[in-house]
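Across the two complexes that follow, chain A remains constant while its partner is chain B and subsequently chain C.
Take a look at the complex of A and B:
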């Protein structure tokens, strides 16, 4: 009995346990400090609302991380989608609003198109020309933002039609519709990363691309699929931003990139590729959301709120470090004990 | 002869130089005012403190890691130095000499850099992650414990304001305003020379290249990983601290938000200048050329009548172009 539970426990990823603990501890601390406000239905609802955008961006960057790459252009892809859609809606919407349904469908088509194109551009420079992902996506980040700037002259697009707003604010029971869709998509991506051939190859390529090349895996195709998926997820985030904020701007949300980078690292997905579990991502998204909402409620200045990511990260890394050293120490001790026993046996004989 | 040409053409510094020359020609055709002495001196002044920052970034990049914290180290050191000294000045009337001001900021920078070194060598973190989180922590500590409000020229340390107005080799321009080389350019040049010397001719400098090229091999040869990392991050931090104080003096206002989100621009300049992003290769000359190149573009687009909205677009194209040429160069080199 004891051994089966032990075996089961061993199968659970250590990072999952750590993150779960961290999230629970933070949750309890928040309840103790500000229980009345923190547990209010409206607060929980707004937390669920807010985690969608950073969550989507973290999903993009997590994919790139697994391939030993990075995608800094995700937020600008989202903004580009928003801006193009905004201009399209402004020019094409009939005054009586009769063609709203068709235009909203067109919005989705545009989003897919923009996400696909941006992803292909990124992947082309990374795999066909062989530039480092960080440099490519830094360039395309500026490029996409520049295009959005040129289209809008730096102004914000806004006043989207009502059905879009309704969609953005819709609720399914106590849970916002967008959050529900996000969770479904996240589950789908987890299956893709952990249970499909593509996902396996992605992680293998991330840990050693030379070996996968010699094994006959098409690295180029994997890179293309990864950055296209990342672009598409970012484009979806663009639609979410449109629906939630009723505006689109070329330089919206510039801190999201750093937040997403940190979210992935907190989840144990290493930027050095290959290691880390994609399913841990949701835990770190939730952890960060709890902390930032909590800081808000505690009236800690927003300037410091930005630094919580750093503190959380160092904390989690510290826990990781301690548990790692403990583990090696335990293993060493066990090995020594075995050697000693062997020695004693020999001496007896 | 032919191989010589080939070797020179494959050097990454040559590419930046070529691009600079081409751009200069293009800009001067579009607007003859480009080659005016005022414009060139202004360009040098604008390049001065990013060049200092870039030297620090280069050192970390050569050792095989991407530094994301240098801007906040610079801001932290510069802001806390100017705040401290302005309090002293307003309260007690003590006026510190300029070298002391620079030294304080440099020391704070070195101290913050050693925190990075601790994260990287003790906790075995990748440099990118370690510096990303430490940047966040520095920012939070600064805003919480030191302050987040502007320090205006009236309260700034007097010597810093004097420094920002110092011009060397002054002459009179046509309308009577003095024209000259800004003093910060001299500081930048000094830093470049020192860093060039350290990286080229000292054992500790070579050990940085060695660690960036192959960490295991470096350790076998006998370089201590911990000590080299400590040196790398303290030097980079000190340089960032100096760059910060020079930058703040140039602007004459200590604005804690000033350097925000500019890490990647400087990093791009360093990489365009030929520093390899995986470590082990890079030179100060290339870095200087890279910084000048990016600044020529961002400074002069307005001069030739490009709207400011387009500057992001052009910068993106430039980064992609330079990176593409570098990628192709590497491919050619490997083929040979």
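Take a look at the complex of A and C:
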């Protein structure tokens, strides 16, 4: 009995417990401070709505992080999808709206195409040319935004057909349909990362790409799959933004990248690669959402909010780094102590 | 008595739970020439890096010029007059000779502005001390290897240097240049500068050293005056064959089995040329040669990491091009890389991850998902087969000792059920007991009918665990024979290129 509990406890990740505690504490704090407003059904509903976009971006960056890379271009991929679809809808929609079904299907096709292309471009420069992911995706971030800017001349696209709006605002019982779909997709990605051979190889490559190379694992293919998946998820976020906000703009949601980085680091997915559990991401997404809604309810200026997020990011990376170096130092000391004890034993004998 | 320049006491150092140095004591006096010997992975480079302040040590203390340090930074080490000349000399190839020589002085004396005249004066006086004339304005990239070395030495002596450490200074230069180098070193000695010389080449060592220090598996095993040192024992002290092993006998001699792996005229531009050999099932072919002989490249080429540019590979008599790792894996070739810690093992991942990494695509259930149960079964099986102390399969690889870590890498490949196994220095940095156990595993694999190619530096290992030996030099095979027909000392001399036919007569 005792051993089974122990075994079960060992299987539970420490980070999961920490995040769960953090989320609960924040939740309780919000109830104490602004309980009346915070617990209102409308507020909960809007929180569920809001977490979809940053959640998708965090899923993208989490994947890249696991491979010891980063994908800064995700938000601009989403905007590019929105803008291209917006222009397509504006020009092709029949005045009587008869072809709307076909055009919405076309939207999905365009999203997949754009996501795929952008992912391949990122992976090509990272893997085939060998440039640092942070430089590549910083560059493509501006490239994709530039294209979207050129297409729209900086204006917002909007007034999308009603069926898209209906889809974006649909509810399944008390839960928004989009949130439900997001959770399903997230669960699927958890399985991909944790249970498929690709997911294992992704984590191994992030932890030591030289070893995977010497093991005959195709690092290039892993890199391509990772950035393509990231691009596709980002493109999906583009569709979500269209459906939810009824607009598309080349420079929408510029703070999302940062928020996604923070979400991943908070979830323990280290930018140093290979470590961290993808399934913790959802707890971290919820935590960030509570904080961000909390700031709104407490009327804390968004300007201050950004700098608090910034401090949080640096702090979590710092804690991550310190705990890692501490661990190796402890290991080294233990090894030497063990050896010295063995030496003493020999001397006695 | 003059005070010691350097005094190490009980220095220990570990990397991610693996000890590399264990209670090392070393004293160096002014004007002494000390030679540091040891196999690859014995801890000698770690020792150098501790003296130069690049690595921190975990236990013990360092006393330099009478000052005691419990933590030593590179800056402090240089300020105390310790200079290291690494194998690649660490020169700036895009700067001139004068700029290179003056660089360290300028950095260390916080010269904020560059004065060309000052650089040239400093360089001229430093070069004068070495007695070599080099054009001050020449770009360093245009110099020969030996000249680059002179630049590095001059750079070291233009500061107030008391101890110069040279890592393998003679590997890449000619005999004449070596004599010139020794002359410079003797000149330094007369000025009271101590030199620590890291080398394998016995003849040279004996010609110049006052003292010999040998390090093995992180422990100092010999510290002796050069004239008292029994030179025929060097190899013994370096490899430390305390445990006598059974020799390896190839059983298939009479059966005339067909070669499992046959290589003909294999070449890889810039690495090796026209290499031919064949290995029958049950055979262990040892391939040896010095650093830069091309044997690691050959191994990596057999595994498809660096596909050969010409030549043919036959497997079971069928011509089989190996253009990628995929090809190698499909033909059931496994490769154990040279550096376990950086190339073979994922230290921060679990035992199960490491064991399953080469075969993960096969450990899936009907849905194509990785079966955790099968990963565990696989880990348990190889832990038992390789006689490791049982641990849970989620234990991190970094929690194991060097010998067990090497077993994990072995197990990872054995899980892929190879027919041809290329092992590159499988026992480097492994303790003596694990070493002989790993040898037993390798011999056992051969007995099961695998064809084994064993790359090794360790003459004792080759004698004990191979039936044929191949020596490479400069990318070519220069010698091949049955292991039984060669003596250990002949093999040794042949590897360092010092074997002379007359010596036999």
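Some observations on this one:
Methods note: the second predicted complex is superposed on the first by the 307 of 349 C-alpha atoms of A that agree within 3 Å, B and C clash if a C-alpha of one lies under 4 Å from a C-alpha of the other, contacts with A are read in each partner's own complex, and residues count from 1 in each chain.
Throughout what follows, contacts are C-beta pairs under 8 Å (C-beta built on N, C-alpha and C of every residue); 3 or more make two chains touch, one makes a residue touch a chain.
Computed from a prediction, not measured in an experiment: that's the story for all the values here.
Within the superposed three-chain arrangement, the count of touched residues of chain A is higher for B, of the candidates chain B and chain C. In the superposition on chain A, A:97 makes contact with neither chain B nor chain C. In the superposed model, A:274 lies in contact with chain C only, and not with chain B.
Once the two complexes are overlaid on the shared chain, A:195 sits against chain C while remaining clear of chain B. By the touch criterion stated above, A:313 is placed in contact with chain B alone, chain C being left untouched. Contacts of A:35 after superposition: neither chain B nor chain C is touched. Legend: residue contacts after superposition of the two complexes on their common chain; A:113 is shown touching neither chain B nor chain C. Contacts of A:212 after superposition on the shared chain: chain C is touched, whereas chain B is not.
Applying the stated contact rule after C-alpha superposition, one finds that A:328 touches chain C and leaves chain B untouched. Every residue of chain A that touches chain B in the complex is listed here, in rising order: 72, 125, 129-132, 134-136, 138-147, 149-150, 153-154, 254, 258, 261-262, 265, 270-272, 301, 303-304, 306-311, 313-314, 317-318, 321. Across the interface of their complex, chain C is touched by residues 10, 191, 195-197, 199-201, 203-204, 207-208, 210-218, 274-275, 328, 331-336, 339-340, 343 of chain A. By the touch criterion stated above, chain C contacts chain A in their complex at residues 12-19, 22-23, 58-59, 303-305, 325-326, 328-329, 335, 337, 342-349, 353, 356-358, 360-361, 363-364, 368-370, 394, 398-399, 412.
Taken together, the chain B residues at the contact with chain A in this complex read 66, 119, 123-126, 128-129, 132-137, 139-141, 143-144, 148, 261, 264, 267-268, 271, 277-278, 307, 309-320, 323-324, 326-328, 330-331.
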